[in-house]
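Note that chain A is present in both complexes that follow, paired respectively with chain B and with chain C.
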Partner chain A sequence: MSTESPGVARHEDKSAFGFLIVASVFFLISGLVALIIAAKLHLPTLLGEVSWLTYGRMRPLHTNGMLFGWLLAADMGLCFYLVPRLCGVRLWSEKLGLATLGLWTFIILGAVVTLSMGINQGLEYAELPLWLDVLVTVAWVLFAVNIFATVAVRRYQQMYVSLWYILASILWTAFVYIVGNFATHFTSGVNQANLNWFYVHNAVGLIFTPLGLGIGYYFIPKAAETPLYSHRLSMIGFWSLAFVYVWTGAHHMLHGPISQWLQTVAILFSVMLMIPVWSLVWNFFATMKGQWHQLKDNVPIKFLMTGTIFYLLTCFQGPMHSLRTVNAIVSKTDWIVGHAHMAVLGAFSFFAIGGAYYALPRMLGTRLHSQSLANASFWLWLVGGLSFFVSLWIGGFLQGLQWNDATIPFIDTVKFMAPFWGVRLMGGLLMFTGILLFFWNVLITYMGRAERPEPAV
Partner chain B sequence: MADYTWTSVLSIYVLMACFVVATAAFLVRAIRSGAVADDEAPKFRMLHDDEPCGRER
Partner chain C sequence: MLNKIDKSSALFAAGAVVFFWIGGLLTTLAPPLLDESWAKPAPGLKDYATLAKGGDVHAQMVLKGRAIYVREGCWYCHTQQTRTIEADTIRSGWRDVRSPVSTPDEFVYDQPHMFGTRRVGPDLSRVGGKYDRQWHVAHFRDPRSLVPGSVMPPFPWIANDPAELDAIVAYMQSLGRAKDWRPGHDYEE
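Here is the complex of A and B:
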């Protein structure tokens, strides 16, 4: 979309831009659905008894919308932006990228229709009907072909760490998605649950984590205009994540009917996650040494470094509540809901938004419409997110203690959570306002791009 | 408690072991090809990757 000079190839970024716009639209819609279902925890009769507006229909719509409509689409768009740049060549095929975008949009719209109609496979994060699963696989293959073909013709032999993460996540996503959405049909009972939790945990761990980290590794040095602290350390983090993450899913079934040794393996590898996590956080913080003053005015850096802190907190929580004693309290409570939201909305969405705020104006050859709006969206997300996550941690922990006391009726533990869910709703409202500002800023930046040309370097 | 492990092991843990073996194979190949040599050059090069990307293909 940038202007081209005769004889010089520039990045077109059509696919990257398209994915980010589509992702922003689904971000808005999924955020609205999230607000409604959060309100339904207080007002179960809200929106009456229309079947497609019930909690059971809207909840999978929200989770799938946020995961695949917003975050994965945004990550794919940012991959289309950064991979050609890191390879020093244009994207292998913009036409293929746009075809992938068309198919992806069709899939998400198909998900909205089928889930609203109650067509649901009944497995967490794997609710989509089989024909949509097949289309997701096809779309992912198209995306993979474009990225791998771009990397294959790169100008530099040695790849920057973001490329390692993105290439690996493409392979891991295929593996995880096929196991979670197809292999589960050949099992039942506890074995199906084991496969499903492998998929649910690794949907975050082997899809959104490597994509998010690849994006962070690219945009933090770029936005701060300073080199990464250590490329070698980043590679240690990458390979340790590759060896460790796949084993951790069974920690969702601690104290369940799977063998003790499988639970122990999951706990052991969950604790070992500290290695890739700390290497990354150390690298990001050391990169920012002497650059922290940029937090004052640099909106992408605000999002990216706050995302790093949320990532650290998430990945400190994860190993801790995979320990049997802690898990006995927090498992299945609202603590886990707070933890999952901090990973997807706190860490990886902050990375994606930071990357989008950096990349979108550059794709359009313009400046962002409003730094003030971007700044306001950051504070709304930070305050809203913190109140959302912290209220659920506190409420969830106390809820778990109550569940361990057999003398307390279950319904009393539900009533006990009402004030915490109220804070969650208010936090969600702030975050949704932040999404609105983000969307508005992107829209006006696009519409007024000719009026604000990018200053010459 | 009954042990329901065996099909899980067959269906997923063997796959996971294959996954790790494949990762190890990639790592060995990457080391041999020099792709992960101790080189900090990529982190400096990426700071200037907004330049035009060579000739039209």
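Here is the complex of A and C:
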């Protein structure tokens, strides 16, 4: 495994490659679990006699698997790829990287076993037992040491914006994770709920968002072979994200039993999120100016730019449904489920997959096995994703209207969702097929890496 | 200044953390200090954990039922909050009587909290006393037998274990009792 960046450093990429492969395996498994629980909404008795296959135990398996098994692991792998390259040095320690990977794999397997057994702390995204929380913290510290040590000995003094996002997200994650998984043990009731939503919201906003954007900032100019439009704009985006995001957690409890003023604060800051979002999207689009023709046959760019559009849509939706009037309709419905999936599965997974399609062959010193398979996976993802998100928005919105008319029996609003859930399941199937194609492509690329050496740079 | 931060990883890291913690502290530590209602229990609220430690058998059952509720992930499909939305108070209510909205003082002892985010099934914040024991028993065994079209899964491993069944029913009947609002007809009695 080697790539030459002329005159700079020879990258081994063992940790980067390992993380991406482990992430893809968990992607596949979590995707399968996702399909099963989506099918259970049509056939509640499916696998129904077995306690560890019940909806309530598979759902946390699905969310934790997707968030920590797939997306965070993939992001970590891509960080191990791009941070050394942006610093002009090798990764500080491949051994430490591989040890981190071993620990991470153990954590996810531990999560599968404990969650299936019904060992659940009862807090969303913080379901894992304390001993696993401790291991996650250890793994994160190991990851942080490796990245920070690489940055500390960098050859290029100025730090490209991707490094900013990645370093900051490592620091923020540490705090966010501690609040969500340790501080919650010392609180109860509304106080605990507030910490829980702080964590849930910032897990997406201050872990996956900055990591995903850092990845986007690196791979979009790289894959399109064009310079970033504006460094200054990226700084505005960064600092406004750093300041604004953290205030918004309480918007998960609008109209709920939590102080009115805190709800209002959360709404105000949710609306302000438009600033970092627009500055980023503007920057990415301006970077692509004159390069849009590449969308035709550059698969990484297809994923990265579609991810950008999903990011824009998610982050437009977020402030909208934080407004009290809209929230009264869509809160607790499938609209929110559609929103969450577009953020994690649409925006940030698209960034990660785009990055992976670009980076994996380069790590192996080869070319991707099949561009057309990769292209097919893109279309499966796009069509599957859109039908998934849009059906849940429409269904969720209409269901919310029905809930607000108390003369409609609740069960009628459940039956009403069946066709929307059906389209969602179909969309999920398409996306799952996309994962399979991705996985197959990577596998064949790996096996045939010697026969297809990278064209000379 | 910005230029300097651009080049020094230490300055940069300090800036990012400080920025983050302004909002971080003001939204996590400050609110419970500013709003006392978060920690002051409602007059009718039972502290089941203390009661259970004192040997109260019913309290022990309620807590066991709550643990089952957490274990089986009921909270992924059910919320426990009657919001300040008119339809919520009607749906949580009883015939023509509207239920009071949920307030922080009703949840002071909840650990973990069970407010929930998603309503695949109806809100359960006032379900205590809505149905009798028999209904719940049949419902856990096969929800569709009582409510055709339900997507709630059956829970045979609970329904076939008398201790667990008693516990989860006791927990259901305890919900929403901190406010004495259910009029006349209460199926628990």
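Going forward, the second predicted complex is superposed on the first by the 449 of 457 C-alpha atoms of A that agree within 3 Å, B and C clash if a C-alpha of one lies under 4 Å from a C-alpha of the other, contacts with A are read in each partner's own complex, and residues count from 1 in each chain.
Basically, a residue touches a chain if its C-beta (ideal position, glycine included) is under 8 Å from a C-beta of that chain, and two chains touch if they have at least 3 such contacts.
Keep in mind it's a predicted model, so treat the numbers as computed, not measured.
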Using the superposition on chain A, tell me whether chain B and chain C clash or fit. clash
In the superposed model, which partner reaches more residues of chain A, chain B or chain C? C
Mind working out whether A:269 is in touch with chain B, chain C, both or neither, as first, second, both or neither? second
With the two complexes superposed on chain A, say which partner A:179 touches: chain B (first), chain C (second), both, or neither. both
With both complexes overlaid on chain A, does A:198 touch chain B (first), chain C (second), both or neither? both
Which of chain B and chain C A:415 touches, first, second, both or neither: second
Quick check for you: in the superposed arrangement, does A:239 touch first (chain B), second (chain C), both or neither? both
Is A:325 touching the first partner chain B, the second partner chain C, both, or neither of them? neither
In the overlay, answer first, second, both or neither for which of chain B and chain C A:157 touches. both
Going by the contact rule set out at the top, does A:259 touch chain B (first), chain C (second), both, or neither? both
Both chain B and chain C touch chain A; at which residues? 157-159, 175, 179, 183, 187, 189-191, 194-195, 198, 235, 239, 242-243, 246-247, 257-259, 262
Enumerate the contact residues on chain B facing chain A in the complex. 1-5, 7-8, 11-13, 15-16, 19-20, 23-24, 27, 34-47, 49-50, 52-57
Using the touch definition up top, name the residues of chain A that touch chain B in the complex. 5, 7-11, 84-86, 88-90, 153, 155-162, 175, 179, 183, 186-187, 189-191, 194-195, 198, 218, 221-222, 225, 227-228, 230-232, 235, 239, 242-243, 246-247, 257-259, 262, 362
In the complex of these two chains, what residues of chain C are touching chain A? 2, 6-7, 9, 12-13, 15-17, 19-24, 26-28, 31-32, 34-35, 37-39, 70-77, 79, 81, 83-88, 90-91, 101-104, 106-122, 143-144, 147-157
Write out the stretch or stretches of chain A touching chain C in their complex. 40-42, 44-45, 48-49, 51, 54-57, 59-60, 118-124, 148, 151-152, 157-159, 164, 167-168, 171-172, 175, 179, 183-184, 187-196, 198, 206, 235, 239, 242-247, 249-250, 252-253, 255-259, 262, 265-266, 269, 328, 331-333, 336-337, 403-406, 410-411, 414-415
